[in-house]
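The following pair of complexes shares a single chain, chain A, combined with chain B in the former and chain C in the latter.
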Partner chain A sequence: MSGYWAGILAILAINIIFAYGIFVTAAAGQLNLGGAGFMAIGAYAAAVLGEQLGWSPALTIPAAVTITGLIGIAIAFPVLRTRGVYMVLATFAFAQVVTGVILTQPVLGGAMGMVVPDYVDLPVLIGAAIATVVLVFFLMATRLGLAMRALHDDELVSTLMGVPARAVQVASFALGAGLAGLAGGLYAHHFSFVEAQYFSALLSIYVLLFVLIGGTQTAWGPLVGATFFTLVPELLRIGGSWRYVVFGVIIVAMMMFRPEGIVTRTLLARLFGRRRRVADAG
Partner chain B sequence: MPDDALLRLEGVSKSFGGLKVVDDVGFALPRGGRLGLIGPNGAGKTTVFNLISGVYPLDAGSITLDGQAIGALPPRARVLAGLARSFQNIRLMPHLSAVENVMLGQHARAAGLGALLTPIGWMPRGRWRRDAEALLAEAGLDIDPGEVVSALPYGIRKKIEVVRALASQPKVLLLDEPAAGLNPAETAELARFLREVAARGTALLVVEHDMGFVNEVCESVVVLNFGRRIFAGSMAGARGDALVREAYLGAEEIAADAA
Partner chain C sequence: MSATATPMRRARPLTMALLLGLAASLLVAGITALPGGSTLAQQIVSGLMLGGIYVTVAVAFTLTIGVLNFLNFTIPTLFMLTGMVAWGLARWGLPFGMSGGLHWAPALLGGVAVAILASLIVERFTFRYLKTRHGDATEHAIPLVSSLGFLLIFEHLVLIVLGSEAQSFPVRFRLDWQIGPLVLGLPQLASLLLSLGIVFWLSWLLAKTRTGRALRSIAESPDTATLLGVEVTRIVPIVFLLSGLLCGVAGALFVVNYSDVSPFMGDHVGTKAIAAMVLGGLGSIWGAIAGGLLVGLLETLGIHFFGGDAAQVVVWTTLLAAIILRPQGLFGASRIGKGKL
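Our next item is the complex of A and B:
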């Protein structure tokens, strides 16, 4: 495999994990536009623990997930008091604070960034991405996943059905933060370098787009969305600088023709022959 | 006196701004009872439901369910205490399938982390899914349980909402206009189903405008007007009551009765 494709696969694996982080939160009806902030925390946690304490990635990456998850819990309480567009802004502001803090702290390398010891190779990234996909598919099939999807549709009625709305929302937000942290930790160790500029607002916007365009109704959405968004710009390279225009047009078209995302439940039912199964059963 | 009532409201009041929407309302629903809550539009019927289920806090009064004061509990705790309800406008989860909506109704029965992390979506023969599908079949719903509900016809969705509420195996089932928008055949079928549900021990409190349906389903009625209780007793008694005739049935109905 050429270095070019290895690089794209690495980014794809990281993007998939990151997208699932945003997805588990979105599946419960909350939009997190601060994804890059949580990814940055994971990346810098891994970098600092590796550099200062000499921990190996086998320790720094789980630690990065734990730290981001805990920060996710702490942030969830104030953020979940807000709704809709205000929640989007609150999470966005959080990510700005994170990069702001990184830029001003010499121990984090400021704007110079940090070199990260211990290289983590591509198979680990792919393994982690597969594990994440399996975990989220499992989660969405559980009663907790059902409660999350119910909250997405109608919070009041979910509560009146006995769903502990706040607890489920905090859990999904924290889990999402943890997955973003995992993406960050893997990113840091694979690219051996972190800098605040990478974890920009644009990254938060892109990952939310992966999820919304992929579709939030099923766990297939982020997989399709992240893959689409990572590969299509590469494929469009043949078109030179026009690729940005084409890519933008594709996004607008997606929003017009598939407002609920590429993968919806009705699409899956049509693809996998829901009706045939019924005929078998009845 | 010994409290033989399963659900009891006493002196329940609620104001929005300066408007007293529910004013000193009290009634009792006996175990296995079937009570209709009727009254003209704006009488406060749905607000009473929202007060019982905990959507709004009480201004005054008390609500007791099976001897337990639930008037100050959060909605979730009231569900755990044995209360379930449907809604005036269908409020199924549009992106969930019929069986998933019903499984959501089971939530109150699935306590603990173990139950939360059971993959109910993957096990076609799992206990929860089997239960939910059986309940749909019992209600006479001949549909694909995996169909997303937004694709189903109105009458079916209306009935799924009742089934979803039943999935928690409630002691008391609150139904807010369950027959609204149903055709006569569907209405008759729903009435039959609800009598069956009551016969198995679930007490019913029904808000409904279709008086024929109330007559079919309920043993007695409470009549509200402008947030106050103006009558409690049998349906026949309500029809004969001067206050009720004046406030609720109106001139047309009285004329129709005479005919």
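Our next item is the complex of A and C:
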């Protein structure tokens, strides 16, 4: 495999994990436009633990996930008091605060960035991505996943039916933060360098778009969204800015014609539904 | 409907503005009189000037949110588009070589026109097709996501056509007014007055005219407005026209004041305008004015006392705290529409 494709696969694996982090939150009906902030926390946690304490990636990455998840819980309580546009703005502001703090702390290298000591190779990234996908599919099949889907579709009715809305939302937000932290930790160790500028508002926007375009109804959405938007520009081989113009046009068109995302429950039922029903209909 | 009009009337825009202006001038004069206070006073003056630009963009944001419940992410791009297109016109003239480089004034007007046009294109492809089909929790994000798509399209088209470099766009329009130790740039002062003037005109429009009443009724309930004979499809473009105009004016004023443009100039101003809007309360025009001036001051003074990056942290932490603790805004002021937000 050439270095070029290895690089793309690494980015793809990280994007998929990151997208699932945002998806888990969105599946419970909460939009997180601060994904880059959580990813930055994960990346810098891994970098600092690796450099200051000399921990190996086998320790730094789980630590990064734990730290980001805990911060996710801490943030979830105040942020989930808000909803709709306010929630989008609150998470957006949170990510800005995170990058701002990183830029002002000399320990974190400020605008110069940090070198991360140990290298984590591609197979680990792919393994982590597969594990994430399996985990989220399993999660969506549990009672918790069902509660999240119910909240996504109608918060009022599901609360009336006895879904503990608050607990489920905090859990999904924290889990999402943890996954974003995992993406960050892997990013730091694979690319051996972190800088605050990478975790910009634009990154948060892109990953939210991956998820919303893929579809938030089923766990296939982020996989399809992240893969589609990471690979298609590479396959088209269109240069620099034009790929983003095409990306933008696809987004606008999707929202006009299929605002619920590429993969929906009806689509899955049509593709993989039981044959018997088709026979009955015929 | 008269119930929504009362808070606007009670606010007495002109009196309040005059009082605020008087208070600000007295404050500045007082600080200047202190020993070594003139640098600080100068910072306050430039903070207010910068705030004037934030005010204009923040009002564009707050108008779209108040009437349509839509966080329009193309607004920073419209601001940038004005500056970059004006620079392109001044450098190369009309497209296809129809003229030489334009004088800065018509070039800026051209930039504003392009911003308004772009805003109407956004309306055509986001709001007109917006149908609520499923009623699930992430559905309010549909126009927001479309506007993110347009953000990418406009920003990268500008990068392709006009390049990614920051460009100097000198406007030969320098005239300074010395009051004691203070230097007031006349273009800055004029732009502050112009941006406030546009905002006053807008709040008059919303409070007193037929169109304004239609806009406010849509803000309350689009369905009822339709039943009562408001043509929603005719009125909604007006919101986009106004936000295009506001962004265009802000962009033009930015060029006149700071004499440079870049494809990324909208990011900074746009995020600060969002902060201003949130501080003032979503959907409140008066809140956006106060918030804009406040963010301008916080930023300039923050840079003066702590340096650039720390100022960012100050502004955003204030914002995060404001959203969580006082989502109705610092002043809890009246809104264009109160129904949905």
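Criterion: the second predicted complex is superposed on the first by the 269 of 282 C-alpha atoms of A that agree within 3 Å, B and C clash if a C-alpha of one lies under 4 Å from a C-alpha of the other, contacts with A are read in each partner's own complex, and residues count from 1 in each chain.
Just so it is clear, contacts are C-beta pairs under 8 Å (C-beta built on N, C-alpha and C of every residue); 3 or more make two chains touch, one makes a residue touch a chain.
Remember, it's a predicted structure, so these values are computed and weren't measured experimentally.
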{"item": "Chain A residues touched by each partner, larger count belonging to chain B or chain C", "value": "C"}
{"item": "First, second, both or neither for A:F228, with chain B first and chain C second", "value": "neither"}
{"item": "Touching partner for A:D154 - first (chain B), second (chain C), both, neither", "value": "both"}
{"item": "Chain B versus chain C as contact partner of A:L144, first or second or both or neither", "value": "first"}
{"item": "Which of chain B and chain C A:V163 touches, first, second, both or neither", "value": "first"}
{"item": "Chain B versus chain C as contact partner of A:F193, first or second or both or neither", "value": "neither"}
{"item": "Chain B and chain C footprints on chain A, overlapping residues", "value": "152-154"}
{"item": "Of chain B, residues touching chain A in the complex", "value": "53-55, 75-76, 79-80, 85, 87, 91, 93-97, 100, 103-105, 107-108, 110, 115-122, 128, 144, 146-148, 151, 164, 168"}
{"item": "Residues of chain C that touch chain A when the two form their complex", "value": "65, 69, 71, 73, 125-126, 129, 131, 133-146, 148-153, 155-157, 159-160, 267, 271, 274-275, 278, 282, 309-310, 312-313, 316-317, 319-320, 323-324, 327, 341"}
{"item": "Complex contact set, residues of chain A against chain B", "value": "138, 140-147, 149-150, 152-154, 156-164, 217, 265-266, 269, 274-275, 277-278"}
{"item": "Interfacial residue positions of chain A with respect to chain C in the complex", "value": "26, 29-31, 78-79, 81-82, 84-86, 88-90, 92-94, 96-97, 100-101, 103-104, 110-111, 151-155, 201, 205, 208-209, 212-213, 216, 240-242, 244-245, 247-252, 255-256, 259-260"}
